[in-house]
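Here it is, the structure, as structure tokens.
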Amino acid sequence: MDAIQQLDSDTAREIAAFAFELGVLKRETRKGWIDACVPSPESVADHTCRTAQLAALIAAYEGGDPARAAHLAVWHDSQETRLRDLNQVAKPFLGKPDHQAVTATQTSALPQILATLLRDTVAEFEAQATTEAVCARDADRLECLIQALEYQAAGNTLMSEWITSSKDRLKTTTAHRIAEAAMTTSVLKWRTTMG
Amino acid sequence: MDAIQQLDSDTAREIAAFAFELGVLKRETRKGWIDACVPSPESVADHTCRTAQLAALIAAYEGGDPARAAHLAVWHDSQETRLRDLNQVAKPFLGKPDHQAVTATQTSALPQILATLLRDTVAEFEAQATTEAVCARDADRLECLIQALEYQAAGNTLMSEWITSSKDRLKTTTAHRIAEAAMTTSVLKWRTTMG
Amino acid sequence: MDAIQQLDSDTAREIAAFAFELGVLKRETRKGWIDACVPSPESVADHTCRTAQLAALIAAYEGGDPARAAHLAVWHDSQETRLRDLNQVAKPFLGKPDHQAVTATQTSALPQILATLLRDTVAEFEAQATTEAVCARDADRLECLIQALEYQAAGNTLMSEWITSSKDRLKTTTAHRIAEAAMTTSVLKWRTTMG
Amino acid sequence: MDAIQQLDSDTAREIAAFAFELGVLKRETRKGWIDACVPSPESVADHTCRTAQLAALIAAYEGGDPARAAHLAVWHDSQETRLRDLNQVAKPFLGKPDHQAVTATQTSALPQILATLLRDTVAEFEAQATTEAVCARDADRLECLIQALEYQAAGNTLMSEWITSSKDRLKTTTAHRIAEAAMTTSVLKWRTTMG
Amino acid sequence: MDAIQQLDSDTAREIAAFAFELGVLKRETRKGWIDACVPSPESVADHTCRTAQLAALIAAYEGGDPARAAHLAVWHDSQETRLRDLNQVAKPFLGKPDHQAVTATQTSALPQILATLLRDTVAEFEAQATTEAVCARDADRLECLIQALEYQAAGNTLMSEWITSSKDRLKTTTAHRIAEAAMTTSVLKWRTTMG
Amino acid sequence: MDAIQQLDSDTAREIAAFAFELGVLKRETRKGWIDACVPSPESVADHTCRTAQLAALIAAYEGGDPARAAHLAVWHDSQETRLRDLNQVAKPFLGKPDHQAVTATQTSALPQILATLLRDTVAEFEAQATTEAVCARDADRLECLIQALEYQAAGNTLMSEWITSSKDRLKTTTAHRIAEAAMTTSVLKWRTTMG
């Protein structure tokens, strides 16, 4: 297969710079877990990975396109290279950041095809008007809930706030049922699934 | 929106168990970096996140569907919950593991719609017969190269093996050009992109 | 000695809550180092400790009160329990946060004597109108420079930006001379100081 | 403002070497937590930061000078660059180390003004004869207790020894009341203080 | 004392390469703990160290040679530089790896005296036909149980599987009694042993 | 096989307590690496594991008993549960600790057979009068040198002090040759040994 348009070296360099920017997501830790005294908390990228996986599963069940839901999830926190993972305690002082403005800046030096792709993807996620967008956001929250259950199994006693608030904000029946089931399923159950 | 079929609680529990299984990807470290003495190496999920992001970008340029390429990437290492991140030094003793067999086991208790989705996705990635599959695999390798460049910038002197072998296995022009550009781009360049 | 006023249990609880809030500084990592791919970066509290120590040393040399300079340093990043350690890349999207507003909120439930102490301390640091405030800010920057030199000794190749920008913003002759000396002093020299 | 005396480059280098020595406090972990199986325990500098903050708060309430109490706290463990954070189990074999002797060695190459400052500060803390010294030591113990409560909230079941022994050694009413309050206050309470 | 045969530089280099290979054991984390959400899990070398210590103690009690038992333990996981620390969930896909084949490869470039030593040692451990081999394997399991108790004391709620399965596989009376005693002994008891 | 003497439950409990004490070695980090700004430094147990392995290899070449040399190495730092890993900078203040006194205390509640075993083992290592003791100490130093080379490959620029001082103190020809070879061997060479 051939590229639609050959990348010139300046453009390639801008894409490479953006790839390095995305690397921040692998090193930035999620802030709620820091508040909750979790040792060595997960990265934003860790969270994004399972969010995308869950988005596909939820969308498949909700009649959406799994790949499109996963793709929305893949970019849903990509603004955090610049904004970092702020949470509720920052809001009174920093306001609600404009994710689309960040995406616009991040993609300002990218070729048009990529800038448009990412801006449209982020806009769709933020608008929450498609099945896939709703499934991706539910996946975001379900992932947080499941991670909280894992930290709880690891001993943390402060997780109920995250479990409850994640669960309460779920929109789809599918995510809601998985959440309820997760709360009574052992973290180690999968090890006995030997197919 | 409504779920195609309502999840019963046993099925929901199996999906929850699978979600916990996917959590292993967030905690399993990539083995090449352990060989190379990298402190606190990234997780498989960290790698998967940027791989999916790069898969979308490469596919957009190569005329593929970005969402489908990202989705293939999202699941491309999902077998490593069981196989762990084995590398070349294990091969003479463990053989080449059958990823589709692992996926079959992992999904054996999932509802049909999800089992089929994941088996088809993994099969498409393994077959490498679609543009999206080729872009996802190139993203896998490009991500490794970019991570190696980051570890090199962090001081590691052993990265050339990973940089070279990742680059040599790239198939698409787009990935190849980004790889070449990355090798001469500062890891910090993005911080000056202020749009 | 006796307390000026006995703490009632509600007030004591608010102080305890504030003490837990300050614990976030021990777990929040400094963001510049995350951008620069530093593994296991220092916490805000780590930075604060040496900043306070350096503030005392600089102030002693600059004719200020070492204890007061150290005290200003001790609180100089205390807003980061809520704002986190944001850096230049966040500024276009979040603006320059109002540190005194954060302190006001943090201390809103504390007894008057403590609220006034902290608000005055933060205001003095922000105003930069006293010798001690200038020394404390110089200590903040000198500490960053010295940490960057340590990470550079540990292998990191991206530190020049932090070394240069920290040095360029120093105001006192004392801090400037220490900075210059640090750049040509071994990180291990102290081990041979056997007094 | 001008420095009392201009630093010559040899002196500046000795101060820089001492600054690097203080960096050890950021990397040395507290030993009690290692005994208690705490993952990724805090550094001595982490402990020092909140100790200084608490020292100021306690001193303000106890009628002392907050800045002076904080300053005493800032240096109270500075000997641990050489002695490390030894605890009770080492005592039968290593004796009680002489902190002032360590400070004398650490400052032996520093200019007189700094050597005197640090020796006097450490001597005041060790003598425990001023309100500020008592408040600083109480802050040291209260900080340990609060950290133990945080580790307990994070799951650790072995913290009662540290909580009890820290509490039993508190001298001031203020610290004692905060300690008692902390034991029944949620680690997350501060997140609801929105001022 | 003199070496039996002087090492030529090529042979010395092969031994050095093998020493670097053994370094992987210090960086590879144990997989069961990853499944169980343990933060910052121990390395294979960490496990090996206490296994060797326990092997000596058990063997002394069981009438074996403590040094020989410790030596068997020292090498019992040395194949994991290549195989990594696989566990039960990998078995259906990777089979039971042949440890002696791995040792044969690892030692293929070593001088005969060393290759024979290591092959015989691994073969003796695998055959489980000597008192020392039985004690070393019991030490392997007892170490796992004791580590699980430590993680449980640190808060982890998922340890019963490891505690039970380790205990059930113990062969010697000595190991069994220590295991039972450990289950009701505080992790901190040793700190009161002041001899 | 049967135990020489059946363990009563009090004795078993003392052995279990000692096993928990040995766990400290898995969590205590080596101090030189902290001075040298190494991120996430190895544990004492990590060091002990490869030391024991190298002791066996060196002894085999030097005409000693590999198992006995490994066994000496296994216990050579076991005092550090109480003394921690002190280094040269602590010596002027803490003196040279008496390792045999620590071992005596550690084993004071153990059954005679174990107490004697450990005291004799530590005494033999300290006396340095047997081939095995010399090989074990050389392994201790060679391990340090090889670890320093690994940290150097990972980027650290401060390792020459550890490399040189370790090398200069080696006694056996075998260890000396391996050390020299290691200095010009790639950390990754073993990955190409495919037997």
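Which chain is which? They are A, B, C, D, E and F, in the order written, and residues in each are numbered from 1.
Simple rule for what comes next: a contact is a pair of C-beta atoms (placed from the backbone, for glycine too) under 8 Å apart; a residue touches a chain by one contact, two chains touch by 3 or more.
Keep in mind it's a predicted model, so treat the numbers as computed, not measured.
Asks: Starting from the defined contact criterion, work out which chains touch subunit B and subunit D both, please.
Replies: Output, common partners of subunit B and subunit D: A, C, E, F.
Asks: Tell me, which chains sit next to both subunit A and subunit B?
Replies: Common contact partners of subunit A and subunit B, which must touch each of the two, are C, E.
Asks: Is the contact between copies subunit B and subunit E built from the same residues on both sides or from different ones, judged by whether over half of the numbers are shared?
Replies: On the two sides of the subunit E and subunit B interface, the residue numbers are mostly the same, over half being shared.
Asks: What is the chain whose Cα centroid lies farthest from the Cα centroid of subunit F?
Replies: A
Asks: Rotation angle, subunit B onto subunit C: superpose the C-alpha atoms of these two copies and give the value as a multiple of 5 degrees.
Replies: Superposing subunit B on subunit C takes a rotation of 120 degrees, nearest 5.
Asks: From the C-alpha centre of subunit E to that of subunit F, how far is it in Å?
Replies: 16
Asks: Hey, how far is the Cα centre of subunit B from the one of subunit F, in Å?
Replies: Result: the chain centres lie 39 Å from each other.
Asks: Let me have the rounded angstrom distance from the C-alpha centre of subunit D over to the C-alpha centre of subunit F, please.
Replies: 32
Asks: Specify, in ascending order, the residues of subunit D that touch 2 or more different other chains.
Replies: As it turns out, subunit D has residues touching two or more other chains at 23, 35, 37-40, 81, 89, 92, 105, 150, 154-156, 186-188, 194-195.
Asks: Pull out all the chain pairs that touch, please.
Replies: A-B, A-C, A-D, A-E, B-C, B-E, B-F, C-D, C-F, D-E, D-F, E-F
Asks: Which residues of subunit F touch subunit C once you look at their complex with the stated criterion?
Replies: Going through subunit F, the ones touching subunit C are 35-40, 88-89, 92, 154-158, 161.
Asks: Going by the contact rule set out above, which residues of subunit F touch subunit E in the complex?
Replies: Contacts found on subunit F: 1-7, 9, 12-23, 25-26, 42-43, 45-46, 48-50, 52-54, 56-57, 60-68, 70-71, 74-75, 78, 81, 104-109, 111, 113-114, 117, 131, 134, 142, 146-147, 149-150, 172-174, 177-178, 180-182, 184-190, 193-195.
Asks: Residues of subunit C touching subunit F in their complex?
Replies: The contact residues of subunit C facing subunit F are 38-40, 150-156, 186-188, 191, 194.
Asks: Residues of subunit A touching subunit C in their complex?
Replies: 23-24, 27-29, 31, 34-35, 37, 81-86, 89-90, 92-95, 97-98, 101-102, 105
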